[in-house]
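Following this line, the structures themselves.
Below are two complexes that have chain A in common, paired first with chain B and then with chain C.
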Partner chain A sequence: MTNLLQLLIDALLMGGLYALMSVGLSLGFGVVRIINFAHGEFVMLGAYGAYWALTLLHVDPLLALPFLIVLGYLGGWLLFRGVVAWVLKAPALNQILLTFGIALVLQHIAVVLWTGDVRSAMPEYALSTTIIGDVFVVHGRLIAFLVAGTLIAALTTWLRYSETGRAVRAVAQNHDAAILMGINPGRIYALAFAMSTALGIASGAIVSFLINITPFMGFSILLKAVAIVILGGLGSIAGTVISAFILAIAETMVAYYVPEGAGWTEGVAFAVIVGILLVRPRGIIGSALAT
Partner chain B sequence: MNPPSAAAILLAVAAAIAALVIPFLGMPLLTDIDFRICALAMIAISWNMMAGAGLVSLGHSAFWGLGSYAAILSANDLGAPFVVSLVPAVVAGGLLGAGLARMTGRLRGIYFAISTLATSEGLRVLATMLPDLTGGGNGLYLDSTLFPGNAAISLAIPCGAIVAALIAWAISRSRYAFALRAMRNNEAASQMLGVAPIRFRVGIMAVAGAIASLAGAINAWHGGYLDPGVAFDLKTTIDAQIAPILGGVYTLPGPIIGAIATIAFEEFTRALFGGMVGISLLVFGLVLVAVVLVLPQGLVGLLRKTRRR
Partner chain C sequence: MTPLLSLSNIRAGYGASLVLHDLSIEVGEGEVVCLLGANGAGKTTTTCVIAGLVRPWSGEIRFAGESIAEVPGHRRVSLGIALSPEGRQVFPEMTVHENLLLGSYAPHARRDRTRAMDQVLALFPRLEERLRQKAGLMSGGEQQMLAIGRAIMSRPRLLMLDEPSLGLAPRIVMDVYAAVAETARAGISILLVEQNTEAALAVADRGYVLANGTIAASGSAAELRGSALVRSAFLGIQAESAP
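Showing the complex of A and B:
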């Protein structure tokens, strides 16, 4: 039984991180209606940001986090105004290819600048553990979970109560009605995209001390995030968070109980994507359109 | 669609002859470039075929990789010679295309694109996790006693590309072209007008899947080695979409012109930056972004515009 408890704790801590990775993607899709295939690359850039802060400036990833979030916000805003905004009215084909191209560019800028070497940021808490009863809790994972939880809570509060946050939700729900209420959708799009980028960068910063950092890490992260967002229903934050935990638990169980499970875990996300698209394309808490 | 001009037909025939003759000139570098252009043209034509029906594929490496494995495995395990081993590859690609079309029956746009992406990644995991069949992560070498010689393989790929182009041409001349274009613009409306989208979807994806699989199969004989990372490489998916976009999406010559331009581009960046890792894909990404923003009709669109002036 303790084994099961340990697995659940591991999955829970992982789920928080998955949630943060996917919430940004979900926000971007819900408001701007573009699936950003470069989202995984934002996570990658965030991880490198934290890594360089630690190795070059001896700044802890957690201290670097606020700066990275601001940088991510500015970068996302520029990317939106400079590039993404031009295809908002274009066919889906152009939007898909554009963000795919951006992903390719960011990924290989990283290859050129920092080579393909595998790195990892190792602050003191990355590997230290506490034992509660029979359960091991790795401090790094716990911290990542807490940071992710805080950021998601802040995002939800902001969306729910602030004037701008409500404008964002209004645009997401009904673009035309929002314009009639005097909201400038262009501004809201830029804001939401920038916020989504900042969330990607933030998850990168806290991923930096949990997994290996390479220029190519973004793609598998993106696929997991896409699986989670689709499972939760495109554009639903609550659905995204719930399905992040579902995926984390499913992956942990597969890794542990299936023979050679560690290899199969990579497949869980794809099985989820295909399954949910076939059975219930609206997701579990689906408010998103099925077009 | 307007009938092609005499000049266009002449150019197409000249290109086909050039592609067929180059392997016999005894110039390895040129033969290699010819091979890569033809292989790329095949997956680009296949991708463009699906895009023409409104089906954006982000998983062409699924067809490519499945074809590679089908060919190599039927050669190694059943002793099938080169040409015979291409048959299971074509069949497997066609079945995967048709099956995917059936499965994704009601998905469109981004949802369809994501499901193709998931399919190709799923197949990669499957190939890794079934080492008894595929050799797993260690990979798999082609039985070298079966190797038909470079000439046969170098000739097979332009033949494949020409067949693919002819199929695309035949479709564009038939009445199916109208149904497919209607599906691309509005699938629900096309259904109202009596087009059965699912039938066309299954048909076009079976054909497109078979073409991409064939290209992967021939390429596998060319390379002689397979592992899941090679077979289901994301680069294949990227190539398959860059070439038609660069050349001119939804057009007949677009994927072919795009394939030539893409390979030329690749050689150019390699000459310019030498062995700097990552530069060529970085440039690809920039081209993709730039073309989508500035030149959504591709090179073909540019040509048509300048001619009209």
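Showing the complex of A and C:
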């Protein structure tokens, strides 16, 4: 019983981080309609950002977070205006190739800047634990969960209640009707892409609490995030969050209950996703930015 | 006096196919003008050209004396052009209230939002009962009212309505048209695009008949009502061969 509680707590904390990693991808897809294969690299860059903050500037990653988010937003905005905007009307294959190319460029920039060595940006407190009853809570995971929860809550509140957030949803739901409201879709695309990038960077900064950093960490993160977004129903923020938790629970359970399970987690997690999609082909919530 | 809206010699289409050739129409200040025509005549393309969703290949569009051919669609809302589009195009995942708020997204309309909201809800009391409902779950008639209400929220000088009676029960058509007439009385110019000739000519001051992408006839509502050409444009029979 205790074990189960421990597993659920672990899964819950992990799910928050998965949700943050995926929610940016989901926002970008829901609005711009491009699956951004460079999203994993944004996470990677965020992690290196936290690493630099800690090692070069001796700034706590949590303090660096707002700054990294702003940088991510500006970088995403430039990337969109400079590169991505040009393929909006191109065939999907071209869009995939472009974002895949961006991913490769970013990976290799990371190799140049930080070499291929494994780095770590874990502050001391991230490794300490609190014991509540019989349950261990690793502080790094708890902090990551809280940061993820705060950012996702801020995003959904903004989407739901602000004037611009409403415009973002309008563009996602009906591009032409949005123009008739006086909304400039080009501006909303750039905004959504920039926010998506900022969210990727933010999740990278807090991932650095939990795992080691390499220039190539982005791909496996992307794979998970894409799976989560598809499972949640493309473009649905609420669906993305729910499926992030489903994936986290499935992984945690498999790692614990299946013999040699740690090696199987990803495979079995994807089997769960395939299974759910067989029953619900449009994902858990299959609609454009319903939030 | 210069008309509020004038299109001259517009050619427009999609891809390689030409839909409008040499289209010229005018809408005066405070006028209700209807644009009649069969399916595929180019009525919806005309509204899209005026709203800026379709860029014409050539020709002149003037609004309130200014050429607006180069003004992107989203900026035309601030000039006072609003379109309730064919098929309603409400935001399905948003509530009625959110849809109406989006109608007043443009800065000039946002300042006047509360008053506009009161007016729209007075015009369509049914929307007030449905404010918290998702737009996509409403009936066709309610969605039509929402699309018109949303367009009025933008404080337009020219309101375009594309097939507001399409697929609606006769009772609802009457409600919708009563609201159109009331909007016209408030001084807003209206360009009414319809296949429902009867309903349109009952509220319009004058009208145009569009056939094969150009104006086939025009005149006062009374003239058009009795015109054989109007009947032929709709029924596809030649005026001469009619008994």
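FYI, the second predicted complex is superposed on the first by the 275 of 291 C-alpha atoms of A that agree within 3 Å, B and C clash if a C-alpha of one lies under 4 Å from a C-alpha of the other, contacts with A are read in each partner's own complex, and residues count from 1 in each chain.
Methods note: a contact is a pair of C-beta atoms (placed from the backbone, for glycine too) under 8 Å apart; a residue touches a chain by one contact, two chains touch by 3 or more.
Since the structure is predicted, the reported quantities are computational estimates derived from the model, not experimental observations.
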Inset, instruction - Using the superposition described at the top, determine whether chain B or chain C touches more residues of chain A. - result: B
Inset, instruction - Would you sort A:179 into first (chain B), second (chain C), both or neither based on which partner it touches? - result: second
Inset, instruction - For A:267, select first, second, both or neither according to whether it touches chain B, chain C, the two together, or no partner. - result: first
Inset, instruction - Determine, under the contact definition given at the top, whether A:167 touches first (chain B), second (chain C), both, or neither. - result: second
Inset, instruction - Considering only touches as defined above, state whether A:90 meets chain B (first), chain C (second), both or neither. - result: first
Legend entry - chain B/chain C common contact set on chain A: 290
Inset, instruction - Going by the contact rule at the top, pick out the chain C residues touching chain A in the complex. - result: 51-53, 72-75, 77-78, 82-83, 85, 89-94, 98, 101-103, 105-106, 109-110, 150-151, 154
Legend entry - Partner chain B, residues of chain A touching it in the complex: 35, 83, 86-87, 90, 92-98, 100-109, 111-112, 115-116, 215, 219, 223, 226-227, 230, 260, 263-264, 266-267, 269-271, 273-274, 277-278, 281, 290-291
Inset, instruction - Name, in rising order, each residue of chain B that touches chain A in their complex. - result: 51, 56, 58, 103-104, 106-111, 113-115, 117-119, 121-122, 125-126, 128-129, 234, 238, 241, 245, 249, 276-279, 281-282, 284-289, 292-293, 296
Legend entry - Interfacial residue positions of chain A with respect to chain C in the complex: 163, 166-167, 169-170, 173-174, 176-185, 287-290
